[in-house]
């Protein structure tokens, strides 16, 4: 983790080699669903940021509620997050049906997104990861707690959803609406829900905030593991401290977003 | 580990500087043994992927059973995995003899591969690593267990082979058929076997699957170490969950393989 | 952390892509406040070094007391440390007021700096980070101690400031002079103060020394965590050993500073 | 550590940007002391490898006994290991005096090297590091032990030297012959000695072997920390296994050396 900011160069080179610049040329004049190039670019950039930091590997996804039709959401076709481009973004209804599939493969777990958008009108973006920091907490009796102000949103709680409780011995995937609904119920009014033996989901009022929360949930989990390993009690943020600090985080979010965007798309960020 | 996807750029540059592009030009028109350029490329790409992620360092190897002659297998000459090219692939019989050595140095531990191919007709690929995540489990009383669905294949078990039990105080290497046979017996019908004070071996029905398993065995071991450090019981995947999840992993494998391939051979992946 | 020196290349590329070279061209002929291009360059380079090592992420700041007016200090406008350039440096008085804001956004937590400069005439530079190594110690009952000679400055002590003690349930930020004064009082005559659930502050007689201390505070914390995890007593540096070793560190500081400078600005370092 | 092999690209770029190619041009026709370009190149490459892997940071050094005069050794002027070039190599006598200083700054701790060469006629190379993996073991009651065959040389033992025992409260540095002699006595006939609150020293019959041992001492320490954290007994290599495995390691050393050399000097390795 100490190296994350050391790799602008690599990300920059990747941007050039992988044709991200072109990707954004496409984005600029995009006729992609949603008709909002900035929103679609946030999904693309957010997916690449989480891949760049290793919060997602070949799996995981970032989605956004449709800007003008609250009963639709935007999400990439089935593709590794690091490779998502504007032209890969598809439109889905809140039952997880692709509005215009055109034969493109879709994510098995799109129901994570559709059911949360259905249950949470306030949620405008959803991120699903297999965060390596978080996974130990999904199978532990230890609760994920806020270690510092950047992860203040955790002070509202981060419940663990165990698919086995409602669905028995499964392939662990949220592959239908019933499983997605159950996950959304465990999320409740929180910003984060952990999935036993699987990963986590973060939500927010914008793609940037959901991505920010996915990133700092991973960091916070690693910090909490270190604090516990030191032994003795850990002095976590209180709910009131967390609520107040979270407000500030959202206000200064663009400072870090612009930095992260430069990591994955330097040519664009200029 | 959080940085693994952050380094496309570096890998891309390496591809150009180290002449990987040429390597693949060779691969395309390869007259290498096995006569299957795609299979040979998978061995090359798989070796470089595991090196790129640090699952192997200067040591370790990836092999494949000969596509048309089940009594033969394909493996690089003695060379660091990061440097393996199509022209380095040699053909061996199931006693570990090079069919056409032409003076090339061979791996001392090729018997890991030959004896597993002999004992397991279903196995089409074998990977040997000194995975840093796994080594602690090779000398511990703690059993490696599946932490999440990506490592579901571990739910069938990952036994530890101690060379000392059958062969006394050795140099720890599987340098002959007898040691290879003993290791293959400990592997049994599993996908992974750990080697005390040495590393591990993963197998599968294809190079891509054996490499996938080598990668996620390393990740899972690191996650399990973190979960144990948190204290309290750990809620591992059940055998049935593991069996079901593994089926899905194999179905979506190419999504992550194509991503990894781009890491080490961007010019090829285009 | 084992990889930090492996990334000159990435940093070099970043330097070129992000126009750092130009930045330094600006620096050379800078008319920035303070009128000392070398001092301003140290703030720029120090900010980028800490970002390059991940000691700071999108947040954190480096400041220096004005070279000719001890009642002023120099600090970037509100910006991610990795992106700070000479032209971003602003001048502030010791109440944290921008002397010539020209509409530029300023850091909420500039009072960390202003109050320490007020309380500590010997301090010529201040660094604030959310160091991932340190944060566990800010919420732990375990005291941060010097593990080795490079972190000898810790032998004088590294107290933990808990904002809640003096200010109740807050947003955790040092957003006014009263909070800054309280933090400065906890720092006392030390080189480092930890901030509960937030990060740390290091100070020194120069930017280079304050940055050196921020870096080795992060490293030392990670080393101490490892030593504690081994179990048994840990044999820390004694106060007298620490005092003697610190003197040597300051004498050889430029050897490592010049290396770090090359990491983030190779074109300049030539 | 999982990322070490992922960064050929960065190292390659660094090689180009930092003029390493030229460095080696110089090396080729070098008139440096010792008159052995290959030996001097090994010191240069070894220094850069250890920096590239983070086994050394801005501090640490690699030396070699003079190939024709056993009462002399070769070592860089005072410089960060990552920046050492052939033209920086100086010649010293076994009392640590520079034979031809020409005003160049020398390392304070050259006595680590001089006294070991004096005490150990079999030693042809010495490496000193502040290895982050090892430092916790230098202040712990837990003994560093061989986890796997690549670190087999540890089976002979890795004693800890505490400067305080012989010299009281010091600046921790081996800054004279008496301290060097005491350290050499603690090393005895071993390949590794740890230095409390400081780092370690590895020795060998060649630069490549001493560097190999410095690298795997760091890796082994990290692996042992992980194994201990799992709880329960750890099944280390036995002395006889270690002795046998070490013989093999030395025989296959060039496979990994050539890989590492490519990391730091791709243009040269071609």
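Here the chain labels run A, B, C and D in written order, and each chain numbers its own residues starting at 1.
Quick note on the criterion: contacts are C-beta pairs under 8 Å (C-beta built on N, C-alpha and C of every residue); 3 or more make two chains touch, one makes a residue touch a chain.
Since this is a predicted model, take the numbers as computed values, not measurements.
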For this session: Can you grab the rotation angle between chain C and chain D? Superpose on CA, round to the nearest 5°.
Result: 90
Problem set entry | Of all other chains, the one whose Cα centre sits farthest from chain C | B
For this session: Same or different, please, for the chain A to chain B contact, judged on whether over half of the interface numbers appear on both copies.
Result: different
Problem set entry | Chain centre separation (chain A, chain B; CA means) in Å | 31
For this session: Give, as an integer number of Å, the spacing between the C-alpha centres of chain C and chain B.
Result: 43
For this session: Send over the residues of chain C in touch with two or more other chains.
Result: 1, 3-4, 7, 9-10, 12-13, 229
For this session: Under the touch definition given earlier, write down the residues of chain B that touch chain D in their complex.
Result: 1, 3-4, 7, 9-15, 17-18, 51-59, 78-80, 82-83, 108, 130, 132-133, 135-142, 162, 164, 169-173, 196-199, 218, 225, 228-229, 263
Exercise. Mind pulling up the chain C residues that touch chain D in the complex?
Worked result: 1-10, 12-13, 146-150, 152, 219, 222-223, 226-227, 229-238, 240-241, 244-245, 247-248, 252, 255-256, 258-260, 262, 266
